[in-house]
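Chain nomenclature is as follows: A, B, C and D, assigned in order of appearance, with residue numbering initiated at 1 for each chain independently.
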Amino acid sequence: MTADHYVPSREDHFSFGIWTVGWQGVDVFGPAVRPPMAADRAVRKLAEIGAFGVNFHDNDVFDFHATDGERDKQISAFRQALADTGLVVTTATTNLFGHPMFKEGAFTANDREVRRFALAKVMRNLDLAAELGAGVYVCWGGREGAESGASKDVRAALDRYKEAFDVLGAYVLDHGYGLRFAIEPKPNEPRGDILLPTAGHALAFINELEHPELVGINPEVGHEEMAGLNYAHAISQALWHGKLFHIDLNGQNGPRYDQDLRFGAGNARGAFWVVDALEAGGYDGPVHFDFKPPRTEDDEGVWASAAACMRNYLILRDKVRAFRGDPEVQGALAAARVDRLAEPTLAGDETWRDLVGYTVDADALGERGMAFERLDQLALEYLYGVRGS
Amino acid sequence: MTADHYVPSREDHFSFGIWTVGWQGVDVFGPAVRPPMAADRAVRKLAEIGAFGVNFHDNDVFDFHATDGERDKQISAFRQALADTGLVVTTATTNLFGHPMFKEGAFTANDREVRRFALAKVMRNLDLAAELGAGVYVCWGGREGAESGASKDVRAALDRYKEAFDVLGAYVLDHGYGLRFAIEPKPNEPRGDILLPTAGHALAFINELEHPELVGINPEVGHEEMAGLNYAHAISQALWHGKLFHIDLNGQNGPRYDQDLRFGAGNARGAFWVVDALEAGGYDGPVHFDFKPPRTEDDEGVWASAAACMRNYLILRDKVRAFRGDPEVQGALAAARVDRLAEPTLAGDETWRDLVGYTVDADALGERGMAFERLDQLALEYLYGVRGS
Amino acid sequence: MTADHYVPSREDHFSFGIWTVGWQGVDVFGPAVRPPMAADRAVRKLAEIGAFGVNFHDNDVFDFHATDGERDKQISAFRQALADTGLVVTTATTNLFGHPMFKEGAFTANDREVRRFALAKVMRNLDLAAELGAGVYVCWGGREGAESGASKDVRAALDRYKEAFDVLGAYVLDHGYGLRFAIEPKPNEPRGDILLPTAGHALAFINELEHPELVGINPEVGHEEMAGLNYAHAISQALWHGKLFHIDLNGQNGPRYDQDLRFGAGNARGAFWVVDALEAGGYDGPVHFDFKPPRTEDDEGVWASAAACMRNYLILRDKVRAFRGDPEVQGALAAARVDRLAEPTLAGDETWRDLVGYTVDADALGERGMAFERLDQLALEYLYGVRGS
Amino acid sequence: MTADHYVPSREDHFSFGIWTVGWQGVDVFGPAVRPPMAADRAVRKLAEIGAFGVNFHDNDVFDFHATDGERDKQISAFRQALADTGLVVTTATTNLFGHPMFKEGAFTANDREVRRFALAKVMRNLDLAAELGAGVYVCWGGREGAESGASKDVRAALDRYKEAFDVLGAYVLDHGYGLRFAIEPKPNEPRGDILLPTAGHALAFINELEHPELVGINPEVGHEEMAGLNYAHAISQALWHGKLFHIDLNGQNGPRYDQDLRFGAGNARGAFWVVDALEAGGYDGPVHFDFKPPRTEDDEGVWASAAACMRNYLILRDKVRAFRGDPEVQGALAAARVDRLAEPTLAGDETWRDLVGYTVDADALGERGMAFERLDQLALEYLYGVRGS
């Protein structure tokens, strides 16, 4: 297999957040290690390395305090870069966590002025998102949460969170925008506990909205793994609900700070199953990367890291396709009776009545091996590349 | 405040699983350290220490392989103990994880016979639960999950999981039982990853059922904290959805094996907010403890541990009531603008149109302190008992 | 018990890092929320609220790029504040993590120039520390580590780490400074994995140094708890080795990002045992707080938070003393045979020969309860303040 | 590369604990799923699949309550299997955690009789270990710990722990056995917090022993990863101290219950670096697997799982050798200046005096990229098998 095999093309629908390659490296313990990167430069470089699209926060393109003139100028440069490169805006989002006014939340801030301004800020960027052709609008409520128990009335906060999505839903519908929202869950950091901490909590929340059909989720590998949860399971459940509107791929090493490693680094074994779950579940949105090039890297390292995200996805996609296509794997799946789970527990015309008093030879069933280790070893050997290459 | 203040009464609605005080201490590294305890003995002792009710798995009362005669005899002894003591069966559940036939799941086992038998087993115990007056039927799918990626088709598993609840819902409705189901989420252990791993995932799942109104959740302190999640937030969100049908109180020290410590041990600070969330949210179900007396304890220690669960709840209930009633706390809450979150972000007749172009003095808002530390310190001083006692 | 009871005095030996109250709130997701605080202001305010001493990084007092004149001016203001208030410098340390040159480490940076400069920077601040009367010099190697496997030769890094302490030991000895070093371990953040990740690893490392007697550890509550470890156990083991040279008290909620909550917030139950371990082990160094006032707080909140650290320590100190002095507790300890562990396993003149063929009634021993739950409940009731107040 | 390439030979020095393949699947939630396996059968099957040696607990071979006659019979069968197969006993250990008498510890039990019996039990098995030719004697103190703060005097426990190793050291020396001890750290499970919780804590402890040269460590992949620690770093530090006497390889998915997955499953990326660290550090002890075939497996699955441990090691060994031998990798290592860390910070004749006032162009150094992402991507591509195969 030649290296060329893993060269991204636009058909792969890879996209990046402008803020990913643009991250300057500010953390709690140190300042920027890289100069600012204008959004238009990010677009041009991403195009060079093979991306298809971008995602942006309003303040990735223009400053929070930008005048209208500055804003227009920055948007114009961004738009020009898109036009020049053919990159599309797949997705947009709002920065509701950077400015100190959002230190305690945005949609669920105790201060009503903050909540009102947050909605206005989103609405303004929804216009831009629609104009630039975005199909999905991501909402990461990174500051919606608390470090201490009394400071946030959680049920009231959920009321306000719902209100926000109801208002924004009306905004999008009234404007006829084709945008759908994707909530991005995270358990903690930068807040002690964040509201809607996992994919599950966000999926549950959506059902209470006025327009649930407009809202899905944008789960992130690292965010679920920070809670020790299985990301492939998360996206499979989201697909089952018809709610996987977007994905944020990156890498993480279990419960600790948000590492935002490039996709593939971190839980490599998990990454294999992530790609498998996306392929099997028919996900057709952008394959989006939300990572941070480590602080150790200069500009060259930033692009090496970004390119590797796509390359790793392609490598893994090849692997999972070969794995699923391998007759020995198919035999092992059958031996593990994985396919039998698709068969309903009740036959077509059965009801609970047909199960009353149902008996089995329980001990004999208990003695049957499931043959999962053999199956999993086959998968691992695809990950290792010692089969199927 | 006298010690007598913390003596449980039946009005407190404390309940215990029969399996909690009956745990013999078998773990991965060692065998039983305590003799078996018959369900009727558990009932009588729990009554003595002040409990109101019990929860039971079918196989807490009679063995998996019990003949009908043995089963009747054990149930009879159990029923007699209930009658003698006045304890109520608040809740019942099914053991779908002990017998080796369930090693790979029950409702979502790859083997269809296992799934069918699991449903039959639940149905039979639903009859007993109804007969004994249980109002809630808990479903912990402890073996529904996987250690490896290919062994479980997660979307098919969710189909079967849904099918199980749809069948059981029909069973309950057709029998006119007053029972409602409560799904108990857990992230892992004994499986590598368990389906419906958190309160959020279970809440989301319920919305896909034929009779969602019949199904709520039974979140457990330790299970949420194993994922690093805030249990008080979990029950607040469940209450917000109208789905907190039951609770499992115990103690845990963060992400690690399932410790099942007595309530109050583990995350003491979290326990304060748990009781506060239950009080504030109007939870009126049984205050149920699902803990394991440590293996170091003999029978006397078992009961000391069980009694302490209730005592700690009463201590904490006193504290949260005093905290909420303290004028200084109320002032601190107002200073933190916690109450303002109840106010809708839009006024009654406003729409998104009223927010277009909404501006604020962002920097001035950013400079305002939230006064959360003062508020939280007041709460902590209630926990410590240096205020309000 | 009156509130006055918990007012700190200089005899309590409370100290704070200048950087704690001075933290401006920069994190990965947002900029400063509070203005810079000059070191001399921090000193004056800390004196007002009852602190005894301070700890400082060189760059807490003067900027990395300060000219000699600016440096002198800042030091002079700092010194004047110390003189005016009577606060002592208990401890000092070096900022080897902020400037981008340290992005990949300092003592163990791959680049030798960085390592050499790091040593020079420490030496210069050792002079200042000695001049200001510090007794302990803390070394937190926050950037010594790696995100990826090949980027750091761990054994070579430990050679360089040892070299650094050997050089600095010689420096201190040759100058006749009374300073001792205290290594502060941390498992991760800001690096993916940090060298010497726990108290244990640092204690082991010290034994390889040329002057192990000069070096001990400075374990931090949150850093050990980020690895799910028991901090009270960590300081007890450090005391057992004679190596608890300093402590960093704060609060954390298990494995997640470094929260640096005020002492008492976080794991409240753990905090009780921390104070107990310090009291029981005869720790007589500064009772030092290394926390970050949450980003939600303004200046008033900063000081409320700092004052609460001391207050909580005093509250807990009262509790553990009352707990240990309570005859019922002493009875419970005896029932749990805790005191028997002090008795050597072999009698004074016994050798292994006396144990050959030693037999017991194993099953009878196995049946004996340890009565730990009763004992632990007594402790918990002291924490809750429902006993002994 | 042919599959034959990964067939284990005796030269690979693979060994297994008898208890690994013999695990019957008892866990907290269910009983045995597989029948008992006699030690001699385990030996014969392990020989078939290519192992070199075995490790055993005394009670893997004979029951705790075995009479001398039963004991001799079982040992005899074990010995015969060794003789027939040529497998060696590389390692032995004592079961000090199964019997209820050890529920609260063994070397550090509060009850002195337990401590004395524990020593006698170890001594008796040391005789057998020596006779069978074991070179290493592993000590896992799985029950040495506590769930609650007052129940264990940690400093007294460390005194007793030291006493135990001093007594056992004398025993081994007095008998002229060639055995060395290897302490196996674990943070928790089955106890709430275990003493000597990490590789670091055990390494530190050893320095306090009368015969530190006799004692090293036996770190286990899963045990370190349960604390979120980097296992490759742990073994590198142990090698640096000259204390890596043994290793326990298996798989884990971060902080949660002890999973004991087969080697390679779990943190696959970490496994690559584990093998690299062993190869680079010149570890020459047995390559030992301490895993548990999942409960889903029957006997066939047990052996598939065991065989895969060895196969995965061989696959990874090939990969790390190819990685280290690749000129492009060597160039990338040089670009990352990894080799420069081997160069002392001070030149041969320099002292601290040569560094006084040492200056650099800090900002220029800060701007230099480390090129770690490119290097790490090369490693990842070896893991994936898309390079070098």
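Operating definition for what follows: a contact is a pair of C-beta atoms (placed from the backbone, for glycine too) under 8 Å apart; a residue touches a chain by one contact, two chains touch by 3 or more.
Computed from a predicted structure; not experimentally measured.
Comparing A-C with the candidates C-D, B-C or B-D, the pair whose contacts agree for more than half of the residue-numbered pairs is B-D.
Across A-D and A-B, the chain pair carrying more C-beta contacts is A-B. With centres taken as mean Cα positions, chain B sits 30 Å from chain A.
Note on chain placement: the centre of chain A and the centre of chain D lie 37 Å apart, centres being C-alpha means. The residues of chain A that reach two or more other chains are 33, 99-100, 103-104, 147-148, 151, 187-188, 226, 228, 253-256, 265, 269, 294, 296, 366-368, 370, 372-373, 376, listed in rising order. Residues 64-65, 99-101, 103-104, 107-117, 119-120, 123, 146-160, 163-164, 167-168, 170-171, 174, 187-188, 193, 195-205, 207-208, 226-230, 232-233, 236-237, 239-241, 255, 269, 272-273, 276-277, 281, 323, 329, 332-333, 336-346, 351-352, 355-360, 362-363, 365-368, 370, 372-373, 375-376, 378-379 of chain B touch chain A in their complex.
Interface residues of chain C facing chain B in the complex, by the touch rule stated above, are 1, 3, 6, 33, 225, 228, 253-256, 262, 264-269, 293-294, 296-301, 304-305, 308, 311-312, 315-316, 319, 366-374, 376-377, 380-381, 383-386, 389.
The touching residues of chain D, counted against chain B in their complex, run 25-33, 97-100, 102-104, 142-143, 147-148, 151, 187-190, 192, 226, 253-259, 261, 265, 294-296.
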